[in-house]
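See the structures that follow.
First subunit A sits with subunit B, and in the next complex the same chain sits with subunit C.
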Partner chain A sequence: MNTVLALAGVVIKELYRRKDFYVLFVLTAVITLVMGSVSFFNDAKIVRYVKEIALLLIWISALVIAIGTTARQIPAERENRTIFPLLAKPVTRGQVILGKFAGCWLACGLALIVFYLFFGVVSGSREHYWPLLNFCQALWLQWVMLGIVVALVLLGSVVFAAPSSNGTISFIVILGILLLGRHLNQVALQQPEPLRSVVYALYFLIPHLEWYDVRDLIVYDRGLVRWVDCGLATLYAALYVALLLFGAWLVFRRKPLNL
Partner chain B sequence: MKRLGPYLILLLLLAACFSLATVLEPRASGWSQRAQADNILKVLFGDGRRLFANHFFVQADVSFHSGYYPSIFDQARAATKDTRHLTAKEGEPAAEEHEKQMNFLGPPRDWIERFGRHFFITEHTHLQGNNEREILPWLKLSSELDPQMIETYTVAAYWLCDLGKVKEAEEFLRQGLLNNPDSYEILFALGRLYYQDKHDPARARNVWQLGLRKWSEQEAAGKKPDLLVLDQIAVNLSRLEEKEGNLARAIALLELSKKASPSPEALQQQIDELKQKLAARPPAAAPQAR
Partner chain C sequence: MRVPLKTMEPIVETKNLRVEFRAQNSGQAKKVAVKDLNLSIRAGEVFGFLGPNGAGKTTTMNVLLGFVNATSGAAFLFGVDVREPIARQRIGYLPELTYYYKFLTAEELLRFYARIFGIRRAEAERRIEQLLKLVELESARQRPIKTYSKGMQQRVGLAQALINNPELLILDEPTSGLDPLGRMKVREIIQRLKNEGKTVFFSSHELGEVETVCDRVAIINQGELKVEGRVADLVEKHQANLEQIFLNIIGYEPQLSV
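Then we have the complex of A and B:
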């Protein structure tokens, strides 16, 4: 466990040493503040469009950070040949996978906390209403979703040759699931057999990342998702994370480390 | 020859740039076809901005429904193209029809769909209690991107008036009219604003009459203008004429409205009543129909 945490610590240090997070945070903050400063029909009470834009930017930024950080972890270790002293510590390949996952996931969590603090301040200062529990739930669900994303990209990083191809393919797949995942069953029903069965099987196979997107509930001031459902969604995500990490380990344990 | 220092060269270059700018600036504005009034969105996106305008208009509708909105995969998507529900209040026929159309979710098909419904909004509601203001930014953005999208002006003006922002509504409609001088829809909305919110029937009549003329011109040009708007303009104008005592003109307008109305029987009843009133008047008291 200590080995895994030590590896995770290195990844977290990498996040705050690199400029990706700062650039994305500044970009999100600037766009949100500029949009928030615009006066529409001299009405200062209009707030939801700012929340909508800010949350969209937070989601995009978090995905970019998660995919970007994870995609380069193992390829960078191999390219710099630091993987050899690392595995000679001794650290098992399974611990490398787990450590990298934990590091990337925790780094995403830290980034999300900063983003949501900013969002809370902007939203609260305009709305004079602080639904902290709703923000915490949205943050938790997004973080859990990023766990699946990180595990998926980690699997991609041991399958694909370059971080760029892994990042691009992962981004397309994740965006596809977020946009189409909910409707894939409807699409399946409109297809003739055997395509219908194939699409329906795909619908059951993919991790339903769209569940974790509760932005509308925050933007339109709706209530909390029931905690039981929140827990079940977390369990569902944990199963997918375990599955994807196990797959990553299976590929990585037999993979030659020389480039 | 003494060498010039780098600061002196920099100063000379700056002076040259400044002088050249003062000479070229007035000419440069003439080189471009772009008007001075063009906004930043037009400069950035060109005509491609119209593609985004519709997205923002739909976003206003999504906001009006607090996020409960059919996707491109839902059958109800077509129903949302009718924008009358955006300016209809509870109990009105347009709102009731819309209520039926928006029941698009149906029972869940599998456990994933059933469980997934805990994480998004699944009930059809419209904004109320002055929260309607939340759709205004999207409408404003939509009008900036496509100034020829008439619905953005009429819908925004309707809610601005409802929120008591009559001045802003008038300004926005005037801006719409500037961009769409032949729009009878904007003229109808402007007339309604003068009549209902500014209590100025004289200006309302002028604007509605202009709207009626624009509608007729478009019909003559074979453009198939909206019959519902004709009905609304004619009925409202006829009420004004009736109040002023111009019963013959009021009857003529109701006859015109009857051609476009979804309920001509009710209008025929009103026409009959007006005819009776007109017949009961002594001939000298009846004013000349315009």
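Then we have the complex of A and C:
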């Protein structure tokens, strides 16, 4: 556990010493504040649009941070050869995978906290209303969803040699799941066999990341998701994370590393 | 003063070690990087592993460190199969070039590796203090490694290799690319480790350096072990210095006309 946490610590240090996070945060803050300072058509409900835009930017930024940080982990370790002094220590490849996952996921969590604090301040200052539990639940579900994303990209990072190809492919796959995943069952109905079964299988195989998107509940003040559902969604994510990390370990464990 | 050998048990041992790499193209034959290598290094020895580029030195080290799996044969560190991570608990490794997290400071890097070895915080801080002093990096301890010169990076490398107070040090061309002063400093540190009774297994192209520091050497060419023995014995047997023996083994014939 100590090794896993030590590895995670290095990933987190790398995140806050690189400029990516600051750039994304400043961009989100500037766009949100500019939108929030303009009053369109004297619409009293304008704050909803500001919230919607801020949450969309938070989702995009969090995905960029998660994919960008994770995609370069193992390929960059191999490219910069930092993997060699590391594996020359009593470290198993499984611990490397777990450490990288923990680091990337915790780093995403820290970034989300900063983003949601900013969102809370902006939305609270306009609405004079602080639905803290809703914010916490949205943050938790988004963080859990990012766990699946991080595990998926980590699996890609042991398969693809270059961080850029891994990042691009992962981004397309994750965006595809987020935008099309929920419609696959309807698409399947319109297909002839055996394509129908294939699309159905795909529908049940992919992790449904869209389930973790509760932005509308916050924007339209629709209350909380039931805590039982929240727990089940967490379990569902944990299962996918475990499967994806196991896959990453299977690929990485016998991979020859040549100096 | 050398610490006497505590045991005759080999610290590093390879038995008929063979490493083959898959051919790049389907028409090509497999590349045999190491051919049935038998090595045995005992506690307290400084062992020089020599050979021209591509001879199989780094591949052998890669197997010992668990980076590459042997095609056949076996390798052991402290009697433990090198595929077991625990075999690396008592070793320190310095790669040929500096491969460290450049965004960390020397202090942070050493703290990270100390944590991996499960060294307690107070003990780790004490060792970091000692090692930074040993490699003369106390004043640069809080600077990111990316701002270091090559010599400084190599010395950080030595410090990280020593963080767990290892019994065996595996050094892959430790003075490669260093200026004469940097080389001398690294050599002094190896000499000091030798005096402390550490077992050192190192590859080098600097034959003069090997002759000065090593107890025993092995010369490998095209994956095959050609010669192994005490430096003094080899010099006496071949009536030549180490460089001449080396050149003779690799089949180099000097061409005097230019």
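FYI, the second predicted complex is superposed on the first by the 255 of 259 C-alpha atoms of A that agree within 3 Å, B and C clash if a C-alpha of one lies under 4 Å from a C-alpha of the other, contacts with A are read in each partner's own complex, and residues count from 1 in each chain.
Methods note: a contact is a pair of C-beta atoms (placed from the backbone, for glycine too) under 8 Å apart; a residue touches a chain by one contact, two chains touch by 3 or more.
The shown structure was predicted, so the numbers you read here are calculated from the model rather than taken from an experiment.
Visitor: Specify the outcome, clash or fit, for subunit B and subunit C once both structures are aligned onto subunit A.
Guide: fit
Visitor: Now for A:D213: first (subunit B), second (subunit C), both, or neither, which partner does it touch?
Guide: first
Visitor: A:Q186 contacts which: subunit B (first), subunit C (second), both, neither?
Guide: In the superposed model, A:Q186 contacts subunit B only, not subunit C.
Visitor: Just to be sure I read the superposition right, which of the two partners does A:L224 touch: subunit B = first, subunit C = second, or both, or neither?
Guide: It touches nothing on subunit B or subunit C.
Visitor: Could you look at A:L232 and tell me whether it touches subunit B, subunit C, both or neither (first, second, both, neither)?
Guide: Only subunit B; A:L232 stays clear of subunit C.
Visitor: Which partner does A:L110 contact after superposing on A: first (subunit B), second (subunit C), both, neither?
Guide: Neither: A:L110 stays clear of subunit B and subunit C.
Visitor: Here's one for you: vertex at subunit A, rays to subunit B and subunit C, all C-alpha centres; what's the angle to the nearest 10 degrees?
Guide: Taking subunit A as the apex, subunit B and subunit C sit 150 degrees apart.
Visitor: For A:V173, is the partner it touches subunit B (first), subunit C (second), both, or none of the two (neither)?
Guide: Touch status of A:V173: no partner.
Visitor: How many Å separate the nearest C-alpha atoms of subunit B and subunit C in the overlaid structures?
Guide: It is 34 Å, taken between the nearest C-alpha atoms.
Visitor: Would you mind listing the overlap between the subunit B footprint and the subunit C footprint on subunit A?
Guide: In subunit A, nothing is touched by subunit B and also by subunit C.
Visitor: Sort out for me which residues of subunit C touch subunit A in the complex.
Guide: The contact residues of subunit C facing subunit A are 58-59, 61-62, 65-69, 85-89, 91, 93, 95-97, 99-104, 108, 112-113, 115-118, 157, 160, 164, 170, 172.
Visitor: Can you tell me which positions in subunit B touch subunit A when the two form their complex?
Guide: 63, 66-67, 71, 73-74, 109-110, 112-113, 115-116, 118-121, 130, 133-134, 136-138, 140, 156, 160, 163, 165, 168, 172
Visitor: Hey, which residues of subunit A end up touching subunit C in the complex?
Guide: 2-3, 5-7, 9-10, 13-14, 17-18, 80-92, 254, 256-259
Visitor: Please output the residues of subunit A touching subunit B within their complex, sorted ascending.
Guide: 38, 40-43, 45-49, 52, 141, 182-183, 185-187, 189, 203-204, 208, 210-214, 216-217, 219-220, 222, 225-226, 229, 232-233
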